[in-house]
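What follows is a structure written as structure tokens; I'll ask about it next.
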């Protein structure tokens, strides 16, 4: 019953097999490996973006931080949700990589910025000439930190506000596949057709050992990104091992299969909790993350049953709150065992 | 005949087996995995350093850059050889990570700083009070960029100069194992017993997919390093895959076996070239790297035979120059085939 | 009728005379001038801080940013009021100088953080280990951006919360003298006796051409600050001209005389506005800054009468809002003329 | 006998008078003062550059560092002479402001890069793709750190090499006026007609209290520069006091008059030393700086006579070496007294 995060899972056999294959013989280093050309072609095809510049890195934090540093100058404001991963969970990586850009926080329920809140924040930031930071860029997370999913229309309504100020728009897709499976739309619809200029296309949380792609739909950013990546020590010499993972991830829609499984387990868990009298969801379960609270005593029963998940701070009224994340390797038995323990 | 770099090789079967093993089941993320405790214990034992703080990252560039940023303030001078990897091949990563420290270059033949050159540079840097950068730290590379190896006594004679100014001393050990095998000394003798405070302990060039350890003999640097690593996006969520590689690398002296093989092939190649009338070594071959020049025509013959290596800029007299690197997977046949082609 | 800011005023004759005096003959450069020793002694005496390290710079922005960079590492959170100058009006200078520290915003009415709001923000920042930024420091502004004044007891109740986490505390005293005159306390009471570790001691808004002192009560920060100042290009070669201004500012309590005048004019203006039926103060007038709103039409009358001040965004109900700042050179006639025009 | 530096002098009466004038009444802050328009017009006229963007800052270090940060990305190499002020005397300000650009040092006698040395350094830097820093920009100093003066033809022959790689070219003109007086050419000839894109146009060493102009011949850099200046805390609120100095400096060719005087005194001193049997010039005296060595005993005589200058490290043969700088306020008596003391 491992629900702490989708990153406590390992990798599916297809990925391990790809690593073993890639290990045969010699290959060129630093991204010039044979498999990378395949990865580029696949991602361009999947995103209907034949010109896109595509790079691999090993962590979601650096995918976001390098994309942000490429899209905004140091004096730019990065508009994001108050609970965005880039604000809460990256130890200031965006500020570090951008040489001090300021994250300006936008409100909205269930982890989603509202267009009005964004418009208002845009209006009051960067309006004092040289004295304040300038409007820099927008960064949206999908799946959000609250486990909810922006629709393409919702994304478009945010990017439209940003583009009224000529701002580039970034999508933190650490759980891109999970969002896509929920939406049933195309990658293009969820990104550039909705105004997104750059994507952190996550693989690690959905079954890779550690690979994320950064996608720029406008290849004008390519060389700058390459230099930033190298300078950050994020260009792998044996890059073929990143390429191999990503190539296998995309082959035969493995990425979608994995996310479908994770989302199904998230739904099963969310519905199971919602059906309990003693428990309630605190955010709608729209992908593979479940946020809930329950009567006092739930933590004790779950933990003695061996459940692992995030024990969040209790509510003022004493109810216990928690975050559970399902992954590609979560089983129905895991979920049912969790529900049995919680029910008591 | 792949002699471009030791990073064009893959990984030996022991490493791949360790990855497969580590993939079983769930594990805690972000460095809290079960294998990391084992790695820490092993490295402390090997280095006879029971207090050392030890961290894993995925590239040599970031191992160096994070170590440097931890050891020197932004206004510090980093003394290193004119041809050091940190100066030549990291696209300014030390400057980036340290927020602008200045690399001050020290001369010396065959990739090795001389104590006199270091002493002179130390004397003239940081002597003008607040107006110039301050003396910050020393960084030594072993194996050097010229394929030579500093002895512990040579290291000590450099660190002694630095410590006269209270400077911390870093060792870039991207090819640590190759140097150690050449020297036949202990890791402690090559490092802290010779005045080294922090080590980039390379694994990638010697058979890992992408893992380097950073070792601080003084654990006071530990928490700062952890924050810098996270902030740089270099803390892996599925960290167990780094731990697994490093654990297997150290088990049964695999790391030394691999380096012994690479060095032997380097020696075979170096001696073979030196024995040719038409060719000469430009640096002594002391580990797995061979630098040579030869009469015009060598490149053409080698390349038509399929040899891959670095074609350096020709000498003024027209002789061709080259760099060849042997790895753990280089075979005697590879070397002999190279020599045959070169001989013509 | 110049009420746009206290920095639209010039300097009083004592300051200009001091500049002329300082211009005689030669003097040592870069802070080694004769007058600087005098400045240091005076400030130590005034602050009852015989060990304090004291430096001069030319702008308030850099006084704050250098103090912050000296007190917090790049991964530190700087706790400050949502409307603090360092957040709103310095174009990200704190982020630039600190290499990316994050300003974490604290709420509270009339420009003043409440201890509860600070305690809550402290509790939720830096509580996730390596994943989030760490608690770094506190920065308080006095006079606040809303023209209100923290009492020593209020300052102490904030610094107490910060010091429970071992955080250093900075006071942005761009209008230090104005606050002090309001409070009638000693500089020591307003600073180190209330838990403040470093002060931006402003002079420019209160009559200097451009000089602020940075004061560290713990001189351990001295050398780092000197290096940061030089590296930032803020060490003046002809430093004597800064020293001369500050020395004259402190002589015969000129600084307090100037602030008393400015505050009296602020009070006169605030009281005059409060007495109008058509107008109201939006923040209490506690020093030399007045925030007010009034019925539509006030702006037009004032501007046609030649009044210069900040025309802020109108209230939802259409009332006009404004900020007026009195300076040492504001006259009673200026104030009365303003009130006459506003009254209509 | 103050020959330590031209920045140990004060300001001529015209400058002090201008400050007093500028102090009358109120003026707009942050560079929007009335005098700044005048300064812009004057400098555009003097440089025959009607489109140039012009900004004032208070120190030469920041003029250089901000110009460099505006012209090169963090991964750019800044080519400069080995003894350039930006390398030796700014405590790493260029690295700080540029977020870690690397200064790459070029050799040449008497403080002047030779075109061949520059060409060779250009050829070997930035030639390894993403692995090394990229070619960024050229920075030339005139008057050089050795007191010599580049002719426009010499400048052009350097900028031509840089422009072959599309690099922008910066001139550090801390002693711009002294160079110009020596050359007898126009400011345009010394700058944009010779391939210079941006100039640090110094005033402080030539008689101002602390003002330098930064000039970009291509105004496309203007807004970025303004943001960088503000973010660095180098935008003065009472900017009129900078404008006033610069306006007076340019009026009636005061700047040229002052430099002419300083150069004449430099020449007198240089010729006087050269005429001594016991002394010799170590660099040609081409402006207001004199470098010399002399027999042992000179220092003792000079210092007991009250002469103040830089006592450099003695030569291997024991001869004493020194740097003397004349300023606008140096008198013939100062020079002759110095020569008398040296002669013994």
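Letters A, B, C and D mark the chains as written, and numbering starts fresh at 1 in each.
FYI, a residue touches a chain if its C-beta (ideal position, glycine included) is under 8 Å from a C-beta of that chain, and two chains touch if they have at least 3 such contacts.
Remember, it's a predicted structure, so these values are computed and weren't measured experimentally.
Participant: Return the chain whose centre of C-alpha atoms lies at maximal distance from the corresponding centre of chain B.
Facilitator: For chain B, the chain whose C-alpha mean is farthest off is C.
Participant: Sort out for me whether A-B or B-C is joined by the greater number of C-beta contact pairs.
Facilitator: When the contacts at B-C and A-B are counted, A-B has more.
Participant: Please compute the C-alpha centroid of chain A, do the same for chain B, then give the distance between them in whole Å.
Facilitator: The computed centroid separation for chain A versus chain B comes out at 34 Å.
Participant: Where the centres are mean C-alpha positions, what is the separation of chain B from chain C, in Å?
Facilitator: The computed centroid separation for chain B versus chain C comes out at 51 Å.
Participant: Counting only residues that touch at least 2 other chains, which ones in chain A make the list?
Facilitator: Answer for chain A, listing residues that touch two or more other chains: 74-75, 90-92, 96, 99, 130-131, 227, 230-231, 235.
Participant: Which residues of chain C touch chain A in their complex?
Facilitator: 74-75, 88-92, 95-96, 98-103, 128, 130-133
Participant: In the complex of these two chains, what residues of chain C are touching chain D?
Facilitator: 2, 4-5, 7-11, 16, 19-20, 22-29, 57-66, 90-93, 96-97, 204-205, 209-210, 227, 230-238, 241, 308, 329
Participant: Give the list of chain C residues in touch with chain B in this complex.
Facilitator: Contact set of chain C toward chain B: 30, 73-75, 99, 130-131, 134, 224, 226-228, 230-231, 235.
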